[in-house]
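Two complexes come next, and they have one chain in common, chain A, joined by chain B in the first and chain C in the second.
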Partner chain A sequence: MKILHLAWRNVFRHTRRTLITASAISVGLSAMILSNTMMNGADKMASENIIQYETGHMQIFAKGYYREEGIFPLDTIIEEPETIIQHVRTHRNVAGVTERVKFQARVNNGVDELPTLAYGIDIENDSEVFRIAQSVVDGAFLKEREDILIGTDLARDMGFAIGSYLTVITKDRYGTYNANDFFVSGLINTTHPLFDRNAVLMKLEVAQQLLDLDHGVTEICVRVRNSAQLASAQRDITALIGAKYEVYTWRELNAAIFEISGFKRLSQFMIALVVLIIAAVGIVNTMLMAVMERIPEIGTLKAMGFRNNSIVQMFVLEGGIIGAFGSLLGCIFGVLMSLYVAIQGLDFSQFFGDMDVGYPIKMIIKGEIDFLTILLVFLFGVVVTILVSLWPVRMATRLEPVDALRHV
Partner chain B sequence: MKKVTILLILVGMLVSQSVEDILKRVDNNTVVTTAQYKATMIISLAGKVREKTFFGYTEGKDRAYMEFTAPARDHGTRILKRGDEIWIYLPSVEKATKIAGHMLRQSMMGSDFSYEDVAENRKLEELYDAENLGIDTIDNRPCYKLRLTAKVAEVTYALRVVWIDIDEYIALKTELYAKSGKLMKEVMVGEFQNIGGRNYPTRMEMINKLRQNTYTELILDDVRLDITIPDRIFTKAHLERQ
Partner chain C sequence: MVEVNELHKDYRVGKVLFPALRGVNTVIQDGEFTAIAGPSGSGKTTLLNIIGCLDSPTSGTVYIDGTDTGTLTTREKANLRKNQIGFVFQTFNLIPVLTAFENVEIPLLLLDTKTDENKDRVVGILEEVGLAEYLHRKPNEMSGGQQQRVAIARALVKRPSLVLADEPTANLDSTTAREILELMQELNRKFHTTFVFSTHDQLVMDYAERIIGLRDGMIVDDKRKETPA
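Then we have the complex of A and B:
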């Protein structure tokens, strides 16, 4: 306890030096916390966007449909979706089921053409799984045959407004060109870039006719009540509907995206680690200075009968106090910045423009604070400072009291 | 009255026979076993005109090879079609990439031709039922006007209306329709030459009817038909050669 008191007083003999060292640590740690908050937020938004607009919790395909990302074959479709939907509805964890037709199409405004992903959606059941109807920001949801919904960004790029006329050009399941005219009935804003920028949505029957699918659909989408039991629901439904179909969870369908996310996390962590290493060098420096300028003091202590152990303890405690102080400061800053990001969101479009980052979120990221990570980061900061202060301290213990006392 | 009916039926039979005959003779002119050519493509998009040149080989409906020579930006770009697969080689990438199914529909090198328009070399007779819509003229040349309705499912255009020169049996004008009946493209043949007994189009214009102010003109030179083309031309090794 006395040693702690001694260490505490030693730390504040040089207030400015202590503050500078501590703030170096705090910068590193707050960067780690902020990057963690951002990544969590981005992951959460991406997951929500995928579930709420793109796939639901699970998707059912005809066996062999899902081969690779970006390929939407019309030769392996679910020909009779009704019976499957009825089966799936019987599962107790299923909250909603809907069917969709997804296909590649070009959207033409008479002058320009853009490749898009087109969806035929069941206007009665789509809201059981998805939030398309709730994301209509202008105009109205699908009603008539020639109604089409487009994203606000696509509308801006192609110069469309409510009531605009557009042509959707695609090929049916046999490879024959088909083209239909539509009127924009509503604009959607989902924060999912695919739907805001690259997708058009029409009524299911219209899409089926356009592609010559009869009653066939490309996918059946399922929302569950309890997503913690998604894996067991997936097993049950796979068994329920038989071997002609395949069931994928939203995570399986987006494995590539979360792989990217893992890499981003790692790279951000590495950057924060570098900052922390620089901060650690600062601590080593501070501790070295403390040891060097206090060599006569150490000699005195040793001459008075202090054991090496106690001296090590004292210096380690000094390092620890600076570390704890810096870490606390870092956590406070980190949390404050994270809170701002979590509440206000951070608009990256100023830095990157409206570019596609291969991640299903918009450039405004709302952070998601994880307090367990913050606790870990705090401990990490303290442990690192203690570890790096051991090296200078070893120098102090090697001194002979006589030499130390003579040291100028 | 009875006589008139019989006459009408007879005439109808004659006409329907000749419709198939017309189509057969058109196919005989344009569906070649092999072709070798040099081509100039003039692409006009919203008032801007660009010119691209390439040479190519075609064999049947499954094999085609093209290599661009100008402008400098496209020099060395090569395209290979084998069956349903299309490969494109960009000199900057130095490796051939496969063009996936949906991209076949996209325009070739910014033109109004899609990759499949260029590669299509199938007999109209096998794909379509023909109906005679009478005699019409294109550039003062009398033509049979035929409506071709797809009789097989796997066809690029469900409906075509063609104007076929009465004497030369070549489609001077073709309208290409989507299944919904919407007019998508119009092909005008401006010049044709008699090459080895076939009337083969050497100057044609493709107009994208869904976009304003765009058309592509294709001019063929040094066309040689029904020659033997070495197999190695249609290999990936040839596509990727240095």
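Then we have the complex of A and C:
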């Protein structure tokens, strides 16, 4: 206890030096916390976007469809979705089911043409799974056969407004070109960049007719009540609907995106780690100075009968106090910055515009604070400082007392 | 009792071997107030350091209360210093961030004494050295003489049998030096603690009961006074 007291006093011998070292640690740690908050936020936003607009919690395809999803294989579709939907609805964890037709189409405004992702949605049931209806910011949801919903960004790029006339051109399941005219009934503004920039949505039966699918759909989307039990729901439903179909969770469908996320997370963590290593060099430097200038004092303590262990303990405690102080400071700064990012969000659109970063989020990132990470980061900071304090003091205690006393 | 037999200590400076002690033999009895006198480089500090187990001899033996210190491990030497030997340094060597009270308390932290008892002992010894009013001052708030008093209190607080003082008055003016010497003499008589101090100052020698003269690493003189000043 007394050694702690002595260490505490020693820490404040050079208040400025202590503060500079502690702030170096705190910069490293707050960077770690902020980067973690932002990545958590980005992941959460991406997950929500995927679930709420793109896939729901699970998707059911005809066997073989998903493997070739990139080419939109309209020859591998679910021909009789009704029976499957009825089966799926019986599962206790299922909150909502809807069917969709997804296909590639070009949208023409009479002058320009853009490739888009077109969806035929079941207007009765879509809201059980997705939030498209709630995202209509102008005009109305789909009602008539010729109604079409488009994203606000696409509307801006193509010069569309409510009531604008457009043509959707695509190939049907037999490879024959087909086209249909629509009127823009509503503009949607989701938080998913893909939908706002690239998607057009029409009624399911219109899409089926356009693609000559009869009653077939490309996918059935499921929302569950308890997403923690998604895996068991997936197993149950797979068993329920039989081997002609396959069921994927939203995570499986977006594995590539979360791989990117993991990589980004790692690289951001590495940057923060480098900052922390620089801070650690600062601590070594501080401790080295503290030890060097106090070598005669170490000699005095040894003359009084202090053992090396006690002296090492004292210096390590000093390092630990500086580390704990810096880490605490870092956590406070990190949390404050994270809170700002979590509440206000960080708008990157000024830097990157509408650039596609390969991640289904918009350029305003709302952070998500993870307190366990903050605790771990704090402990990490303290442990690192203690470890790097050991080296200089070990060196000093190796001196004979007489050499330490004589040291100038 | 301190017994020194055929003590040699060589320092290597580059390729040159420099003999600091060249066969020192002496016995210092319990309760003696002994000065080791001699010019700079005569080996006074080296002798004190070896007696105090801060340094090891090249050859020869030192016995403290019958223990051959040459046979002790580092840990045992630390224990011997902890329990039996107090040091007073020329430059006081107080811990600057601690108060007089806390500086004096340090040696007791290593002993298994109770906190209350420690407090009484620290206050008692600081009163003894005339610093009852200065318990909570830090070294930089005290004069050189006061700092050396704290150092003496620190050396004596654990009631060692031997106090080794290396040029204890060299950094003090003559009036303060006199006060410090009188204090050490008084404590020597009161507690029957053996004091061995090195000096090249005539004033200090005037106070000593016994003066061991050292020159070029050898004892050249050993005088006892019947009635010290």
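Everything that follows uses one rule, which is that the second predicted complex is superposed on the first by the 406 of 408 C-alpha atoms of A that agree within 3 Å, B and C clash if a C-alpha of one lies under 4 Å from a C-alpha of the other, contacts with A are read in each partner's own complex, and residues count from 1 in each chain.
Please note the rule applied: contacts are C-beta pairs under 8 Å (C-beta built on N, C-alpha and C of every residue); 3 or more make two chains touch, one makes a residue touch a chain.
Everything numeric in this text was worked out from a predicted model, so none of it was measured.
Chemist: Just chain B (first), just chain C (second), both, or neither: which does A:I169 touch?
Modeler: first
Chemist: After the superposition on A, what does A:H91 contact: first (chain B), second (chain C), both or neither?
Modeler: Touch status of A:H91: no partner.
Chemist: So in the superposed three-chain picture, is A:N178 touching just chain B, just chain C, both, or none of them (first/second/both/neither)?
Modeler: After superposition on chain A, A:N178 lies in contact with chain B alone.
Chemist: Scan A:K2 for contacts with chain B and chain C and give back first, second, both or neither.
Modeler: It touches chain C, and chain B stays clear.
Chemist: Figure out whether A:H14 sits in contact with chain B (first) or chain C (second), or with both, or with neither.
Modeler: neither
Chemist: Of the partners chain B and chain C, which touch A:K44 in the superposed model: first, second, both, neither?
Modeler: A:K44 contacts neither chain B nor chain C.
Chemist: Touching residues of chain C toward chain A in the complex: what are they?
Modeler: My answer: residues 49, 52, 54-56, 75, 78-83, 87, 89, 93, 95-98, 105-107, 109-110, 154.
Chemist: Name, in rising order, each residue of chain B that touches chain A in their complex.
Modeler: Result: residues 46, 100-102, 105-106, 150, 153-158, 176, 178-180, 182, 184, 210-213 of chain B touch chain A.
Chemist: Under the stated contact criterion, what part of chain A meets chain B in this complex?
Modeler: Those residues of chain A that touch chain B are 70-73, 104, 106, 108, 110-113, 115, 167, 169, 171-172, 174-181, 210, 212.
Chemist: Show which residues of chain A lie in contact with chain C when the two form their complex.
Modeler: For chain A paired with chain C, touching residues are 2-3, 6, 9-10, 12-13, 296-297, 299-307, 310, 400-402, 405.
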